[in-house]
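Structure, as structure tokens:
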Amino acid sequence: MPPTSVSSPAPPASLADLHATMALIRAFETRVSTLYRDGDIPGFVHTSLGQEAVAAGVCAALEHDDYLTTTHRGHGHVLAKGADLDGMMAELFGRAAGLCRGKGGSMHVADPSVGILGANAIVGAGIPLAVGAGLSSKLLRQGRVAVAFFGEGAVNQGAFHEAANLAAIWDLPVILLCEDNRYAEFTDSTKMTRVASVCERAAAYGIWARDVYGNDVAAVHAITREAVERCRAGQGPALIEAATYRWHGHYEGDDQPYKPDAEADEWRTDRDPLVVAEAALVAEGGVTAAELSAVRARATERVDRAVAAARAAAVPAEQEAFQHVFVD
Amino acid sequence: MPPTSVSSPAPPASLADLHATMALIRAFETRVSTLYRDGDIPGFVHTSLGQEAVAAGVCAALEHDDYLTTTHRGHGHVLAKGADLDGMMAELFGRAAGLCRGKGGSMHVADPSVGILGANAIVGAGIPLAVGAGLSSKLLRQGRVAVAFFGEGAVNQGAFHEAANLAAIWDLPVILLCEDNRYAEFTDSTKMTRVASVCERAAAYGIWARDVYGNDVAAVHAITREAVERCRAGQGPALIEAATYRWHGHYEGDDQPYKPDAEADEWRTDRDPLVVAEAALVAEGGVTAAELSAVRARATERVDRAVAAARAAAVPAEQEAFQHVFVD
Amino acid sequence: MSSSTDAPPLRYSGAINQGIADAMEADDRVVLIGIDVGAGGGIFTVTRGLHERFGPARVLDTPISEMGFVGAAVGAAMTGLRPIVEIMFMDFIGVCLDAIMNQAAKLHYMSSGALEIPIVFRTQTGAGRAAGAQHSQSLEAMLAHIPGLKVVLPATVTDAHDLLVAAVEDPNPVVYVENRRLYAMKGGSDVDPLPLGKARVARAGDDVTVVTWGQMLRESLTAADRAGVSVEVIDLRSLVPLDLDTVLRSAQRTGRVLVVHEAVQDFGAGAEIAARVGEELFDVLRVPVKRLGAPSVPMPFSPDLEQAIMPQAGAITAACEQLVREG
Amino acid sequence: MSSSTDAPPLRYSGAINQGIADAMEADDRVVLIGIDVGAGGGIFTVTRGLHERFGPARVLDTPISEMGFVGAAVGAAMTGLRPIVEIMFMDFIGVCLDAIMNQAAKLHYMSSGALEIPIVFRTQTGAGRAAGAQHSQSLEAMLAHIPGLKVVLPATVTDAHDLLVAAVEDPNPVVYVENRRLYAMKGGSDVDPLPLGKARVARAGDDVTVVTWGQMLRESLTAADRAGVSVEVIDLRSLVPLDLDTVLRSAQRTGRVLVVHEAVQDFGAGAEIAARVGEELFDVLRVPVKRLGAPSVPMPFSPDLEQAIMPQAGAITAACEQLVREG
């Protein structure tokens, strides 16, 4: 098959825009954390606090209709990809106004109108799904890229291995986006493999692979743009390994006795991706610290409004439980 | 855990002994092929004709009680490991005198009395089982090595990936023995991966890996001895990739339209592992071509006797079907 | 299905092939994915010729990576393709159940309809060929238990074709279960077409209703012919949807029901049917609903043992006659 | 079980922990394997302290590689160890069914007894916590359908301990299913010990027999207390072996049977029990056997919807009373 015709890539996102996206995710996750603690949000919740740069940098390199699959820790990806904030929040509350009418929840948010094929609560399961989306894109000449977000822990799942190989031999426009936040649940992931990086593992599939410092949003964005371009040019899959850090516990409520204090502190201060981006923005000039605070404040306000709306929203009617088992 | 105390390794097997084992496998598989064609053996049968050097070379490097798991194409491995020839043949016939009383068959021969934990009809499934055997060996200080035989096609199964990684991080005495016979069913396996060798994939797990020409029985034997020594010394797992060739179809009855004639011819003549070994033995001196023919003839006689015994053996009594669902 | 009516396929396996071809002809988005389904034509030759006819972009050979390619097929179904993905032996759901159970069956629901998964999981089963315990299982009960999956099991040549086409046209995940002992069966115009979800009265009778599917239909028809009582045989065709009405209508008349399946009886699909019929027709049944399935043992390799534990025509005949003796 | 009688565990989760500890204390070959079962103490804190007490060689943390480590546990069981391997959520059998179904359940049989697989698959289920469709399934019917597996489902604190110990002592593969909604339940000397394979009459009654297991025992007991009729409640404790005798004995007296389970009703384990009771007690039953399970839908996330579809005490009470009204 000839490669899909390549439209000239969109210009890179500005750091200010990337920062704004990160600020929104930060505000969202911060709020979700307290809402969960207070019993307002049911179920399991896994926040991506500290990892905002990966979501923002990657998704800003994607088009509206590019595909995305993600994991239990997917709020940031979904927001950055363009899902409706109010719909997201209402979904976490389990309300009828939620993106999935309350039937998906935090771990299963989906919004195909912006390419989001769903968060997934089975570790690794989103990777083959993204490969399938890449297959559709290629065979139906959709010109879309499919991104699979997953954690470094998921690399030990057979699904990663099989799907990576498939993407390679079928030359699919798929980006395997490994967000290495060092931990898988309570486990230090470095103890679960003998090799130092996921990129080394990509060599087993002959896949183009790059690592990037995942808390540098501009770097994440740039490398993703490169991968996207490769995909759109029909050069096959890419793997990106973004080194970052999970601030909170595996799930909200986990108080993380297994993390060294110094490590956690460093990542929450000097390495805070928002702080890093803000320093760069101020250094670049043209924007003040106060303006950046205002960006954060606006994000918080938007989230506040989303929370208020979610609270006010109706719970799903009982009959909703019986709908959508099958397409009629 | 301290490594298990290492007994000094047995001396290498002589080429003559390796040849004799190969001759037995050759005679067995040749006979099985015609028996299957004639309807004497039921079910699916996958012969290892052309691959005898791998079975013979590897198993001669193992002790009687070392563990082994194998695949649908496991007759050679099982014979070389020391399973009773008559019991094997009777099993393929589905007789009560079979190693598994006729309940396992060609794809499920097991004989734990010589460490054989079973052939397996699920591609890749034997690999985690061998890793578990390696775990028992390590934790219970059994001093045994566990060998998992599998084909190059199985490397694309998640089970391979997950098990290889486990063997690595747990430092287990496990040998991943990949028999690369070029084809997986009707598929040229080189089309199912972008990388040239399985050894490259072993790097993804940080496992010591070597490739070897699988039709040179002495070379296979030597490299396996090295791997076994590493295992017994507590140095963790090894992967060996043995390049060989499947003479017959995937299963008996497959007439292989997908293979280039020249390729098949070359492997069946100049590269025939028995011919190669016989040439070396004659060149070494001390043995004549006639003596080697006699070795082959004796193997054929043993197989003939096994066939006669299997034919004469009783079919299992009906109640046998209801036994061994559970240990009572 | 013009191409199929022109030249009615003669055998069950050819009918499947024709069904796939018709579906691919009718809709460009239909693709076939699996191990050796392409150039090799399938290990049972069922997909022979499709690769040549539709090309490698629509008939995709895969590595031995069920979790990967079945999952990819699900992802493809969500994004515009309509995959038919082959799971070579039903036993291999052991290595790809997640994609079927946790992904395909649930994503439409979890997304409240935003995602649709028009996919067909083609698989085959069928003991009686000494394939051993890992290649002989009939596991339809496990799949029927999963909300969001349809499960169809063609027992005739007509249905081998029609249910395949219907499964592809269905906007939902459908498990399509072939029985390899039927591959060589001739048929053609054996029965009238019926939509997916309707059971077929395969043979009329008055004394006993036999409810069955797959290869056991043939066995049951043989048994019915031999029986000293009048046996009605119902080919269920699909477990999900379950056409209980057709079963009840028959049972209402006969007052006696025997459910026959190749799968293990304990916790098998027959239990659901027995439970439902028992509940609905409590006052009508003359004797309790009886089930005939395999005993709860793995399938032994030896053909003698295999025959000893598989449900056979003889046992079906005996069970029918026994039911009439009982009441 | 001296250590457990000295200080009776107070809660269900503690009883499991104590059971594992007792089993490990009694036999050096017992090891615990799973994701975060070690240093982390388990995501539900069930295995807390075991890593410290028995060390990392016997309490093994694994990568997220269920197919690998469950398979390895099966291999270890064949070669001298007696593993307890945790499948964190029952839904995850999707990624490791092969090791359970095609390996553990069949290798003893296929080898005609040469191989033994003394292994415990510990897993947990339990909807009602808004865990979503992929973390809420009760899939015991699928496992009970597989010959060669035992399936136990402790519903009391005593059984949480005793069945764990019995499962480890059993020379066969045993699936041990916890219900996470019971973890905090207090008990202690709640009931008398019983061996694996025996059902327990948890509450005596005369009008209706409720057959249940897992978390639905508690729900059924509550329902029984509230009912205007006299309800006998049977805690099945294991699906395989199935103690039908205890069920039949009770049903013989009451003439009315209700099977209650958290799992989806269609093709669920209740169907097997209904079918068997219906067959055995055809002339004794006053009304058809009734089942109460979840409707055939994936579990919705929203707690409101979840409550709407889970079997609850209210519905159980109503069903019991209805059965008595009916006949």
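The chains carry the letters A, B, C and D, assigned in the order they are written, with residues numbered from 1 in each.
What we mean here is this: contacts are C-beta pairs under 8 Å (C-beta built on N, C-alpha and C of every residue); 3 or more make two chains touch, one makes a residue touch a chain.
The structure displayed is predicted, hence computed values, not measured ones.
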item: Chain separated most widely from chain B, comparing mean CA positions; value: A
item: Comparison of B-C and B-D (more C-beta pairs in contact); value: B-D
item: Chain B and chain D: spacing of chain centres that average the CA atoms, whole Å; value: 40
item: Whole-Å separation of chain centres (CA-atom averages), chain A against chain B; value: 45
item: Computed distance of Cα centres, chain C from chain B, in Å; value: 36
item: Approximate Å spacing (C-alpha centroids) for the pair chain C, chain D; value: 30
item: Chain C: positions in contact with at least two other chains; value: 62-63, 65-68, 91-92, 94-95, 98-99, 102, 109-110, 132-134, 147-148, 295-298, 300-301
item: Shared interface positions of chain B, touching two or more other chains; value: 100, 102-104, 108, 120, 122, 156-159, 161-162, 165, 169, 191-193, 320, 325
item: Touch list for chain A against partner chain C, complex; value: 1, 67, 69, 99-104, 108, 110-113, 117-118, 120, 122, 125, 127-137, 139-140, 142, 146, 158-159, 161-163, 165-166, 169-170, 320, 323-327
item: Residue ranges of chain D touching chain A (in the complex, touch as defined); value: 35-36, 39-40, 43, 61-65, 67-68, 91-92, 94-95, 129-135, 295-298, 300-305, 308-309
item: Chain C partner contacts - residues on chain B that touch it in the complex; value: 42-44, 94-95, 100, 102-108, 120-124, 153-154, 156-159, 184-187, 191-193, 250-251, 258, 315-316, 318, 320-322, 325
item: Chain C - residues contacting chain D, complex; value: 67, 91-95, 97-102, 105-106, 109-110, 132-134, 139, 141-142, 144-148, 239-240, 242, 263-264, 266-272, 274-275, 278-280, 282, 285, 287-291, 295-298, 300-301
item: Chain A-touching residues of chain B, taken from the complex the two chains share; value: 156-162, 165, 168-169, 191-195, 200-201, 203-207
